[in-house]
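I have a structure I would like to understand better, so I am pasting it below and will then ask my questions one at a time.
Chain nomenclature is as follows: A, B, C and D, assigned in order of appearance, with residue numbering initiated at 1 for each chain independently.
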């Protein structure tokens, strides 16, 4: 503990003011980000930012211990826990901010604003003097000071929080740990199950391999030129990192045919009467089909969900195996 | 402190109820006999009360008084005047017949009676009946308003189960329908009476507040309050008194029941078994009229006088309305229920006529109506149990195949239409005369109830008993020994009280005089002093 | 001696109790017990009569206080008997005729398996009737009054398997009840006015009250009398009451019960003397009824209903006389007694005829029966002569006196009443002759099968005999039936003369029933002559119509009046339209009202509460976030509240 | 600088957190918002403790953290469980509380 910090704790220097205004803005932005970001990962990061800022504020307010704890426990442990869970639940959670409950948003905004305004108003007309400063309180050192009162005045509360933590830990385990009740079924049984359900008897088809580079992210095309969803890993799909090339390939095909016809010097009529017709038909069909696929996105979502489940089961089995 | 006789009269059936309920499932018959024995023992005790009671003595006798809830001045105060004695005797007298008449009403049907099944409807039935008896006795004997209130309300619980749990199996076409009707009736009964009771609770508390305000420490003791009023020590503001009176009166009017608060009675009586119906109309409802006489008039004389005109009109409406609706009924038990409404109209009319004939007649009426309705209703129950239908139209010519049943039914009916020589005539005529001396118009209107009564009783008898024999009733058995044992004593009693009611009147008269002195009323004098 | 009075009532009461509770084991001896007890009661009556004759005219009134019945405050009803000349007359009539009819019933009801109960009811009736006439206060009289009503209800409906009988019984009881309202209200007024309702105090102090009160009491008593004695407007039940067994008709609906109204009026004479308006009402009722009944009697083909009409009319005479005050009371009672004899005789004769004609009651199926049942013919004939007032027979003396008294009422009123009485006499002669001719003379119409017309109520009993028509074999009735008829015939011949021998009857009654000589505007002889003339006219007319030309076996449609008379002058239709129908609508409406309105109000409230809670449940949509909103809102409100508190 | 600014900031953050709770459907984000609110409270407490010159405020903030940690642990566990059973982390899907 050196004097400067103690001094900083007692008085409010212009430095602190500057710091407050800058970091305060950051904190508010972080908070807003937490609430408004579409993807929960981003929210988590914003929150982490805000927390760090707060930690700085603690320090600035002479709560050194809390400041450290804030960084270590919150920004460290808790936020990591959040991220873990996010991963566990799946990063897909790009949930729309579209409101489903009727009137909820308006009510929320109303109440929020009203509450905030009231609070601000309350603080406004509260008579807050200048800082007394923690000079003598932190005289024996902030940690010691805290420790003293925690282990004397607040010892019972402290003990109880201990009990609380233990309980929480046990609770977490109880809740998350799941006992496998039934024997996990063998390869053969899985195979038979597949047969019974009659879907994907063969293993999932491979992704489209494209001449330019190895393309796990490119769905293979079905004979009619439409991309098969199954060929791309579900994760990529959910991240939306799938590159659809079917349109390109079809246009290439059409170009190829035209060129061959020029090369063979067939006249239009024959071309019309010949495979050109068939080609044209192919193109048209393919286009239709593709339109269909892109159209009934809900259906797509649905089967996406289902095989997402399938994948998750697979993961789970993997855990259990470990 | 002598032997607490009144407590004993109430406690015996209470203990009996517990004991009966405790009888194991298989020993059904034992439970029945136990219940019968207990009710008879209670009857004996009640007889002792009646003999120990000295009509010439002071107003309340056999009194007991113990502190119950000291903080609120609630005391366990018992004591009977002539009216109370008469009604306790009536209760104790009717219960054995109710038990005997309901002998098979609660026998579990086959699938329920499966061995090993811990299903004990019979025990429950008789236990509940005894419980009701105990509570009724306490209500008749309580001279502490709060104590009375507690039992007045507690009565509803066993009654609720008796109505809802043990319906008339001869009721609707199928059991499900019957169950629906039953629970409807039971809930209706409970809600009506609870509503009234809660209003009364408010009034009870208000009364306590008033006494606490004026007498220093509050009390619920009827006697203390009446004395304080008499001595002018306790004076209520006019509006306060009227509100309190209304609070009490409403509860009693629902219980009685007085038009237009009557609609629960036909459902309750129609859906429940005949013995339970008797329990409702002959025993439980009497608490309402009795309480009007003892509490409404005793505690709030001025308010009673103030409310008299309205109450008289309502009573008259009840008389005529009940009779007319009885004529319009197709269901035997509902018909009897409406007839009872008409009779309760007479009772209330007599009470508020504020003459010794009126009130004495009303008290006799409570007793006689209890007995006559019991006779009529129980015979009707036997009839219904034979044919399995409550509809009048399903009967005809019974008199040919079951003359004794028909005869007893007729006598019950004649008692209901208050034929001279049978008990109800005495009371009904007293009520009429008592009303006429003070309110001639009311007396005359009420007299028309007599004709209507003749109409509904005789139409009922004609439709069910006379005429060509219907095929359904051809092999209907006549009254069995048990049933005759139920009906014969009741009829004998009807005749006895009809020919020689003096013992009863001797007990009742002094009490009535006291009540009249409470309301500071005296009989109007004849305008011409007759040459003796 | 006094104690015997109680026994007088007790004997038949005992009989009733024994017979009704005795059960089947008494079936073979029951009728003997009943008859014996009736006879015993008659003997007691005779003993008391002898004793009474033995005493001075002034202290012939015996009274017995049995026990205090209903003592409440000033209301002191006692079971106490009072036996004076008036009651004694009735006692003898009731027990005497009653005993005879018991004897008659032994034969008449021989083939009825419920004969024991029949006798029980008869005894019950005797007891109630005796109670009625012996009571010394109006309340006890009321008890007897309703008692006889009950007995008549039971006896009219004795053949309950016949719906018509059951209905008739119910009708009789209810109409009587309407009358009873009058009696009970009268008693209430008495109690309110005099503080008592015992005969002597009331009757003595009636002068002390206003005429209005007296009139009210009188009218109420009249209402009661109308009900019991089948006077207009409450007469409708008597005709239907003929559904009962014939002995019943003879005893209750001819000789005794129906005359109770007359007894009531005569007994309460003092009240009516104090209320001229009430008296006028009485005589009006009497005059109207005597014509009404006579007219009805002319049109009926059912022999019993014809006789019922005549009963109605004869009682009309009595009521008329009773309404005339002191000049008529005694003659009312006198006619009552003689009528008791000959009308009972006529009914028993009718019963005997039906007995021989297997319960056929339609006179159009009779004819020429005189040679088949001579005794019946003779007794019936004597009764016939008596009732039409053939000079020298009972009816002549009593009826003639009444007509005189009617004229003696004085003024136009007297003329009107007298004229009505004379007219009635003529009509009586007409319809009785008609009955006589149709039954005992003319061709034997019963030999060929009937063609019953459904409209005729009178053929119902015939329908009872069922499908094919077997030709009846008219035969004389057994001794047990003929003997009573003979005795009654003697009564109907000589009673009148005996009574008016030196006005013996009047003087016998005088101590209790005030009497004064009426002074008709014309000489008594003229009146008598007029009566005889009227009688001859009536007989002649009847002979012209029914004696000379044969009687059609099927009733002709007849004039409007005839048809109306057949339907009892539309009285039932009137009641139906004015009372029954509206009543039905009223009750039906009320049932609906009770269900929909009174009950509906309550159920409606319940439904409303239920609906409300159902709505408010929607707020709980289960979304944690909307709950959170409300939480935050609540918090905001709290903050606001605190701030406000601080601000204030 | 006026110490009340800290309080304003705290209030602001708290309100933002609250509206986050109300607006977001993803249970995890909702939780984050709750954490935000807690932190805002903590900030206020710390500021107070400095304002009044004693450590009680800090201690309470400390306890708040502990409780918050426990709460997060359990809450997240619940979220995971719910997610397993119904494949969704949306708080609206767990709306079985309505009749």
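We take it that a contact is a pair of C-beta atoms (placed from the backbone, for glycine too) under 8 Å apart; a residue touches a chain by one contact, two chains touch by 3 or more.
All values reported here derive from a predicted model rather than from experimental measurement.
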Set of chains whose contacts include both chain C and chain A: D
Centre-of-Cα separation between chain C and chain B, whole angstrom: 37
Centre distance in Å when chain A and chain D are each reduced to the mean of their C-alpha atoms: 19
Centre-to-centre distance between chain D and chain C (centres being mean Cα positions), rounded to whole Å: 98
Rounded Å distance, chain B centre to chain D centre (Cα mean): 66
For chain A, residues that touch 2 or more chains besides their own: 101, 104, 107-108, 111-112, 115, 119
Residue numbers of chain C (touch at least two other chains): 621, 623, 625, 629, 632
For chain B, residues contacting two or more additional chains: none
Full enumeration of touching chain pairs: A-C, A-D, B-C, C-D
Chain B residues within the chain C interface of the complex: 191-192, 259-260, 262-263, 321, 324-325, 327-329, 355-357, 360-361, 397, 399-400, 407, 414, 419-421, 425-426, 429-430, 432-434, 436-437, 440, 443-444, 447-448, 450-451, 454-455, 458-459, 462, 465-469, 499-502, 505-506, 509, 512-513, 523-532
Contact footprint of chain D on chain C as seen in their complex: 617, 620-625, 628-629, 632
Complex contact set, residues of chain D against chain C: 18, 21-22, 25, 30, 91-92, 94-99
Residues of chain C touching chain B in the complex: 20, 67-75, 139, 142-143, 145-147, 150, 153, 157, 160-161, 163, 165-167, 169-170, 173-174, 177-178, 180-181, 184-185, 187-189, 191-196, 200-202, 204-205, 208-209, 583, 586-588, 590-591, 594, 598-599, 602, 606
Chain D partner contacts - residues on chain A that touch it in the complex: 9, 12, 14, 16-17, 20, 24, 27-28, 31-32, 34-35, 40, 43-44, 47, 50-51, 54, 57-58, 61-63, 65-66, 69-70, 73-74, 77-78, 81-82, 85-86, 88-89, 93, 95, 97, 99-101, 104-105, 107-109, 111-113, 115-116, 119-120, 123-124, 126, 128-138, 142, 145-146, 149-150, 154, 157-158, 161, 164-165, 167-169, 171-172, 175-176, 178, 305, 309
